[in-house]
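Below is one structure, written out as structure tokens; comments come after it.
We call the chains A, B and C, going by the order they appear; numbering starts again at 1 in every chain.
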Amino acid sequence: MRKMTGTAAAVALAAAVLGACGGGSDGSAAMTELGEGEGAVNIVAWAGYVEDGSTDPNVDWVTGFEQETGCEVNYKVGNTSDEMVELMQSGEYDVVSASGDATLRLIAGGDVAPVNTDLIPNYADVFDGLKNQPWNSVDGQSYGVPHGRGANVLVYNTEAGAAPSSIVDMFSADSPYAGKISVYDAPIYIADAAIYLMATQPELGITNPYALDQDQFDAAIAALEAQKPLVGQYWSLYTDQQAALESGSVTLGTSWQIIVNLAQANGAKIDATIHAEGATGWSDTWMISSKAKHPNCAYMWMNHIISPQANAGVAEWFGEAPSNAKSCALTADPNHCKVFHADDEEYFSNVFYWTTPTSKCLDGRTDVECVPFSEWVNAWNKLRA
Amino acid sequence: MLAPPLAWLLVVYVGSLVLLVAGAFFSLDEFTGKVTSQTTLSNLDEAFTEPAYWSLVARSIGVAALVTAICLAIALPVAFYVAKIAGPRAKRALIVAMLLPLWSGYLVKAFGLRAIVEPGSGGRDGGLLASLTGWSPGFGYPAVIATLAYLWFPYMLLAVHAGFERLPDTLVDASSDLGAGSLRTFRSVIVPVLVPSIAAGSIFTFSLSLGDYITVKIVGGTAQMIGNIIERALLAPNQPLAAAFTLWPIGIMVAYLWTMGRLGAFENL
Amino acid sequence: MRLSRTARVALRAATWAVLGLLYLPLLLVFILSFNSARSLAWPPRGFTTHWWATFLDVESARAALWSSGRIAFVAMALAVVLGTMLSFALQRHDFFGKAPISLLAALPIALPGIVTGVALRNTFVRFGWDLGFLSVVAGHATFCIVVAHNNVVARLRRISPNLREASADLGATPRQTFGLVTWPLIRSAVFAGAILAFALSFDEVVVTTFTAGAGTSTLPQWILNNFSRPNVLPYVTVVATLMLVVSLPVAWLAQRLSEGSRD
């Protein structure tokens, strides 16, 4: 900490007194038995995870749940993992569909409670490869139920030339898509730049895009600065990118399968691929707030959303691999699980799941300090300012 | 009489602002994103010494000033016509007609503008402008400025109109009797009388534009203003840094209000 | 007023042109509410009344409308009471600190909504108050006070103090003077301020975003959350158009009320 001036110290002291309350609560123990529903459940989730028929009348796994349990679902879309962490810190929400770059932050901050998986009958059917993973469990204690996983895709306009296959098209100055590139507007996107550097500047020695020492990090930021003139859109609202893809104002970008599906359904001439260099991706976990006001409804929701039917519905709607093994028999497209590599651990070993970078390098290096996520955030903000 | 409103403003509002500003002096747990009890000046350092943020702030002020200038340039002749030339019936109709858009919803108007400037490309349909003229400014600062000017214009119009209402016709006639042309009368007689009203109107156009971040999201494309960076820091989540950033608009607006107050704006709000 | 014919015609033309421009985006939203395509692209691909026929089925929109109305009403009442009290206090007495206080009242509207919103959210969360109906009302009332205050103080300033003195000289108590002299003179200004406060609250986006918790959604929130969802977008244009149609008589009323004052 720096030396402070008298006034600043006084102000800070006053604030410390005023703000003494708050801070992380102790991670309360998991529930031991399920009671009556509380009549409502407040959910933060990725777009497309909580569909009540308002997007598409045929896509609805909320109404039935509400009727069955009496828990009215209030749903807020989190556009980025960071936004989800902020919303969960407010203590207003009961459940969150957290990706790996949010889960450990939420656990460490005491914002989510351990989950008693015995109270969630459908947990038994979850793929073993997803249970007790470092992003959803601590010391063998589960903090949530796996939802599904997938890779961020490279979306492209099919009329803009030959299909791209490399992440280089997203960053190189002579990219045929220059000026019409669409970039995910979140600090975690710095990892994509790191993947680009892994392919183009192997001498930097990056092996894990979330474990960047200062030199590697600076190189990634430089690549993003150089990318800026090529960028036509930074999106955080998925519908913004969808609209841009439909209008043709962007022709290449990092995307999610759901966006591709929705835009295609509206007639956009686009398709998606995964670039050869390996992609970032996610493995999501449904977690319950440590301050949940509707814990019983929250458990009911967690059980419902990983039930074979609902899990299949979300997986197909969002375009990801489901977590429930029984879901694969229920998807409208019988090949869905195959196409999205549901139980293909080999495939997912090439996907870099979103993870929160820490000072202690995630790739196991001990001779250097890595750049922690808070610095990623500041660098991204500066880049976007 | 004074106690309840003053207590509300001081305790609920100023109290919150003070807490917010005080929050800027705390450090953040680098992993959980929670505010710790350690004090630090690094947030202020980040918010006030980074050239990237200076240019952002300068840009935001520029946008707000341009919006105000545009609103003023359009409001002056229109308000003059409504207040001084239009007949009583037409006047009432015009006032109501110009007020009405204020009531139609911020988002409705912003998306209406989006429907106008939406660029089309690759043979696909764009918005109204692209479709009719083949040209559109697209999403970016010009669209942001146009939208903000459209949104806040009625405030400026109302203020300037109120100023004209207070301006005696005889003063204008006297000026022309003394041989001044329309422009000269406008510059030397009308504008000076209007200064407090213009100042009052500009408080709305300037401040509402300065802190806006939703219009920027809707029609701004890759554009960013102060409000966006505050939102970013907040959602990071980095509450202390967000608090540090809010000192920019707070400082700018206090200075602006003070200046406009000197011009008599508060007697004419 | 004397003015050359050319100048008159030019000003008239400019005024009507501006008026046209003010309505163009609104008209566009109206037209797009009958668009069979779910996009903002021009021209519309086809005509349909489907969205109008079915929008009442959208439960979330109805709920948001109801909650917006309640929030705006309570915030308005609170703001009018506080704003009117402030006006009387500042108009009647001269004291040191008067100017800073009017500045203070204007601050919530002069500072960007995001600053007010973040500050209030921070306070509410820190002290463990639930974010919901009451926190939104508190936020809205804070920036609505100045609107009510400005309307009333402007009217008070126009009322000659002689009237009150005369009333007192004729033996009226302060209460009678207020009821028989002052109130009838300021009534319309109070109502006009109330309408403006209601409108301001009804339309507010930013402070609401930060002070509303889970489960509280106002109409602007609903529009913001749904406008970018292509499949709901047509309903948003319908709701927006409805807001336009409803606002017409209200704006007219507010204008009538403040006109009533001008002698």
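Keep this in mind: a contact is a pair of C-beta atoms (placed from the backbone, for glycine too) under 8 Å apart; a residue touches a chain by one contact, two chains touch by 3 or more.
Keep in mind the model is a prediction, meaning the values are calculated, not measured.
Trainee: Which chains contact both chain A and chain B?
Mentor: Chains that touch both chain A and chain B, as defined above, are C.
Trainee: Look at the interfaces A-C and B-C and say which one is made up of more C-beta pairs in contact.
Mentor: Most contacts of the two pairs: B-C.
Trainee: Would you mind pulling out the distance in Å between where the CA atoms of chain A average out and where those of chain B do?
Mentor: Averaging C-alpha atoms per chain gives centres 35 Å apart.
Trainee: Quick one: chain A and chain C, Cα centre-to-centre, how many Å?
Mentor: 38
Trainee: So what's the Cα centroid distance for chain B and chain C, whole Å?
Mentor: Each chain's C-alpha centroid was found; their separation is 16 Å.
Trainee: Give me the residues of chain B that touch two or more other chains.
Mentor: Within chain B, residues 19, 23, 118, 120, 124-126, 234 contact more than one other chain.
Trainee: At which residue positions does chain A touch at least two other chains?
Mentor: 19, 22, 237, 246-247
Trainee: Enumerate the residues of chain C that touch no fewer than two other chains.
Mentor: 39, 41, 126
Trainee: Under the definition above, what is the set of chain B residues touching chain C in their complex?
Mentor: Against chain C, the touching part of chain B is residues 1-2, 4-6, 8-10, 12-17, 19-20, 23, 74, 77-78, 80-82, 84-86, 92, 94-109, 111-116, 118, 120, 124-128, 130-132, 150, 153-154, 169, 172-173, 176, 182, 203-204, 207-208, 210-214, 226-227, 230-231, 234, 239, 242-243, 246, 249-250, 253, 256-258, 261, 266-267, 269.
Trainee: Where on chain C is chain A touching in the complex?
Mentor: 38-39, 41, 58, 60, 121, 125-128, 130-131, 213-215, 225-226, 228-232
Trainee: If you look only at chain B, which of its residues touch chain A in the complex?
Mentor: 19, 21-23, 25-35, 37-42, 46, 50, 52-53, 55-56, 118-126, 138-139, 217, 221-222, 224, 228-229, 232-238, 241
Trainee: For the complex, which residues does chain A have touching chain B?
Mentor: Against chain B, the touching part of chain A is residues 1-2, 4, 8-9, 11-16, 18-20, 22-24, 80, 82-83, 85-86, 89, 104-105, 108-109, 157, 159-160, 187, 231-234, 237, 246-249, 251, 356, 358-359, 372-375, 377-378, 381-385.
Trainee: Would you pull the chain A residues touching chain C in the complex into a rising list?
Mentor: Contact set of chain A toward chain C: 19, 21-22, 40, 42, 54-56, 74, 76-77, 90-93, 237, 239-240, 242-243, 246-247, 262, 266.
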